[in-house]
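Each of the next two complexes has chain A plus one more chain, namely chain B in the first and chain C in the second.
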Partner chain A sequence: MEKKLKSRFNLLENVYINYILIGILFLIAIPLNQAGIIGGSVLITLGSVILYSVVGIGMNILLGYAGLITLGGAGFMGLAAYLSAYFTRDLNMPFLFSLIFSVGIPIIIGIGIGLISLRLGGYYLAIATLGIGEVLKQVFIEYDVFTGGFSGKSAGYINLFGLQFDRIGTYALYAVILIFALIIGHNIVNSATGRAFMTMRSSEAAAQAMGIRMLKYKVLAFVIATIYSTIGGIMYMHLIKFSFPTTWGLGMSLNFLSIVVIGGMKAIAGPVVGALFVIAFPDLVLKNIPIIGTSPGVAYIFNGVLIVVVLLFYNRGLIKIFTDAKVLIKKLIGGK
Partner chain B sequence: MKDNPIFRNDMILKIEDLSISFGGIKAVDAVSFEVNEKEIYGLIGPNGAGKTTIFNIITQFYKPDNGKVYFKDKDLKWKNLIDYKTHDVVKTGLIRTFQNLELIQDLSLLDNLLVGSHTFYKSTALEQALRMPRAVKEERKFRNKAMEIMKLLNISDKAYELVYGQPYGILKKVELGRTLMSEPRMIILDEPAAGLNERETAELADILKHIRTDYDTTIFLVEHDMGLVMDICDRICAISFGEKLAEGTPAEIQNNSFVQEAYLGSEEGELAE
Partner chain C sequence: MSNFIQVIFSSLEIGSIYALASIGIILIYQTSKMTNFAQGAIGMYSAYMATVFMRGTGISATLATIVGMAFGLVLGFAIDLLIMRRAKNASPVTLQIITLGIVLFLTGLAPLTFGAVPLAFPRFIENKSIEILGASILYNGILNIFIGFIVVALLFFALQRTKWGLAVRVTAANPTAAKVMGVPTKKVTMGTWAIAASLGALSALMLAPNTVVDVGMMEGVQLSALIACVLGGFQTFFGPVLGAYILAIVRNLFGFYISSTWGTALTYSVILIFIIFKPNGLIGKKKIKKV
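After this line comes the complex of A and B, so read on.
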């Protein structure tokens, strides 16, 4: 028995290798870009996939594991993006300081809003968070000394300890951040905290009986999702280098729901697969299809159809294709 | 406190004058009884008698209209649980199972047991997220404990399987195992043998006796399986329509005319409808 327990522990650690592999797969784009096989815009698209994945991991913890919904995620992401641009560009703050404030301020606001809105359940929570998201968007529009309003706000690539990142450097950094985001997400859902989230989602009665304070864990899940959102927002700001208030609306928040649902709820790497389909596929594949590709709204239609298909036929998410394929291959090879 | 309840040294739970009604119907009507330390105490009664409701009041899922629930907690201090929030009850050493299982389907058996240790985790979410030494050590400690409990329950071979799709007998054991993870002074079981076959019921009787001695706990159960109740209970309380009928040893309860009538009466009542 001891032995079995130990081997299980090793197995758990081995999951990390999968996450590192995901990061390495993204990194392969760099030599491809340098060899001229893929263009710089593809790198930006893949960089977007990475940052959307990071936000998606947080959303997945909130939605898939804790069973809570938010339609205001984009607002917090945008807030962090603007803060980071403001601190690094307008105030010339070193990036690390800016990072602390750009993550910290939204968290404090998030906790406050969480404490109020998380007493609500289900639909009410969705509507409340939708409202919060829209309020934040309005703030971005109105408060133009800080956000540049409709003319937008710009920022540069990250400068860390005097080391100035360029496009490729930023992309490499983001791939590494993704690895950490995955590992930390994995650790959270496989901890006492993660179990508390899942208990809260599947049985309020069990949670109560086992001493799980519902409000505390709801707020905690909300804060974790906010942290991931803010980091994604900061990554956005220093990759795209430009932000408009309208970017951070309901459409973006819904994108994250798609990413989580399509990729696979309750699978930590699910959002990476989801983001590939929701962000990269329309940009890299759909656009190149003649006639259809250039019609307006095609990406949204593709998204919508994909969600329906996944929910109907593959409700554990597309990430499960990999595990299912593994089983199938083993069957074919092993003949068992 | 205006009234001073009398606590005998060997008591662990004292229920006083408990009443609750739902929409004018008295589901529990002035029920009082006491449970002693290390006892296996049974609560019986026909369907709808109010057994689960009493459990729900004791564990603070319901607040009663009237009455007291005194429990001698881990520090051996008497507490009126009515003053407690539902999620704080477990900290006193009182834990329950549910008549309709409340498990987490998409977690393994092992993880379901670990939920029972929730209040004992000292590491913060951040320490857990970063797998810091304290969090890892703690997790390992509780895993080992869970494995030990699963051994007692004869389910260790399924430790890493999901709860989803497991047979009823296993699910019942997982819920029982989860209660043991909370270092309980008293376990409240709502129909632990429901849905079990004869062999499984006999195994359960053995396990419960083991738990009482090995884990130093009091067991308080609601059960319809009279064979099991009469076999393992030291004392039994019988209720009907929310009212207490009798209390005593299995033999006394079996021969009590009120109890016999209540059980017969309920059947005749059903027939007559």
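After this line comes the complex of A and C, so read on.
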């Protein structure tokens, strides 16, 4: 009897159910919106949180688990966004076809960076990816037949099998994508591949001595991160419906770094917490503070301070607050 | 020919700015084993400070530069004292992310304290130019080239001949052994942060007359200085300086003779391909890894 009770209690401890709960929590915003409690702009902000979380999960696998840093993530996201807009709007391709190409083309470049990362360690890699991001941004500015240059490029909501999504439909779809992104991410890091990543992170030389092939796993890590970034980019394009070359600069890549670090490296759901802090908090809370709230700098200051403070004093990330609080409460109640 | 001379002189001028920024990065890398992404942002904030101070008191550009450098010095001290010293045991990637946090903080603080309107900073020597082989070169450009050469020369002299330089080199070679032998490594690290930040301020103020003082003014310099370090190699003090001048010359030649829009992208691509084949840079030594 006690055992049965315990297993029912353990339902909440099951990670998959937790991930589905995260998705459902996001879905609650839909009835709130229809009841008129929250506005449509809040829905868009929460949709952005979802897509930033998706990209963050990929970055977390790369940075938190494989220990490889990239500052060119925004470039890939932008590339996928423009490709998706180009294929669906200019060429009138069905969304699924467009999806294959918009994810596939950036992957080829991702493999290239994986190969570069074989030759370059920690700090060098960040700088090299920074260079690649800048080159991609220059391409977005100059190649205006395809990107619309400085005047930007627009796209519509997703049209899947002749079914046209509206704002609420898109949001619901994104919440479902987030659940899948979390579960797939969880399965990757808990597989042999994930263990290989973590060994690689702690010591490359030791990992090689254990028979882990650097070529395979470094390239794989970049490909996984690229897939997540491109899907995030496509989601951005069909939610915000507009894209400028300047969107995909270093600032965006730094956002992802903030999301991963603040939320918690080495925790799959960490980026969701991170994205809530980095994207939703400045938009929904900080903007409403009188006088300083209107300055564009406040969100930057908030993120910057949060990154430094989290890394100095709480380097497992804000997601661990929940477990730490639980332990603390148990201690207080149990008296031990 | 006159075009070529013009390109070379402007490359040397911008190269000097890159060299000062990259020498700041390499000083910090050598003593703290981390790449400083905040070099440009520190320079930007100090440049704002100098410009606002100059407007408030009416002092000359030269004096304002000294004020800016002094402010950079203080900022460098503060960053080491308040943040970097507390993160001693963190991994290099974590330290790198902390400097990116500082970048975000300063980028947000600048419009809040100084307003969102870009400010102008005057040249040290106004609008006088000289003809060299048919090319007209501003006096100020020549001055900037000289400042770059002189500061680099002074710094190398200090590194090689003074007690401080010896302490820096010893800390760079082996921090633990240096500490055991009585080198005040904490002070050395703090000193290099202060000097690096001050050089960042100087490079920002040398750049300022050619653009404006605003939040994004140093982004290009920061990126170029980092790429110069990669190109020259992180293992020596001299490599990044060499890398900075080469980067500036190659980019301007590409920009002038091949394509003005694609010159920068082409330069980065060439350097990326170069470091794939020579990952330790131009004059870098191979690092031996231990498990």
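The rule we apply is simple: the second predicted complex is superposed on the first by the 314 of 336 C-alpha atoms of A that agree within 3 Å, B and C clash if a C-alpha of one lies under 4 Å from a C-alpha of the other, contacts with A are read in each partner's own complex, and residues count from 1 in each chain.
In the analysis below, contacts are C-beta pairs under 8 Å (C-beta built on N, C-alpha and C of every residue); 3 or more make two chains touch, one makes a residue touch a chain.
Because the structure is predicted, anything quoted here is derived from the model rather than measured.
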Taking the superposition on A as described, I'd like to know which of chain B and chain C A:254 touches: first, second, both or neither. second
Kindly classify A:312 by the partners it touches after superposition: chain B alone (first), chain C alone (second), both, or neither? second
Can A:184 be said to touch chain B (first), chain C (second), both, or neither? first
Have a look and say if chain B or chain C is in touch with more residues of chain A. C
Of the two partner chains, chain B (first) and chain C (second), which one does A:206 touch, if any: first, second, both, or neither? both
After lining up the shared chain so the two structures overlap, which partner does A:132 touch, if you call chain B first and chain C second: first, second, both or neither? second
Is A:193 contacted by the first partner chain B, the second partner chain C, both or neither? first
Touched partner set for A:214, first chain B, second chain C, both or neither: first
In the overlay, answer first, second, both or neither for which of chain B and chain C A:334 touches. neither
Would you mind listing the overlap between the chain B footprint and the chain C footprint on chain A? 203, 205-206, 209
Along chain B, where are the residues that touch chain A in the complex? 59, 61, 86-91, 95-96, 98, 102-107, 111, 114-119, 121, 123, 125, 128-131, 135, 139-140, 143-144, 147, 151, 156, 160, 178, 182
Partner chain A, residues of chain C touching it in the complex: 29, 34-35, 83, 86-87, 90, 92-94, 96-98, 100-112, 116, 219, 223, 226-227, 229-230, 234, 261-262, 264-265, 268-269, 271-272, 275-276, 279, 289-291
Contacts from chain A onto chain B in the complex sit at residues 1, 5, 8-9, 184, 187-188, 191-193, 195-196, 198-199, 202-203, 205-214, 220, 224, 266
In the complex, the residues of chain A that touch chain C are 63, 67, 69, 115-116, 119-120, 122-124, 126-128, 130-132, 134-135, 138-139, 142, 203-206, 209, 250, 254, 257-258, 261, 292, 295-308, 311-312, 315
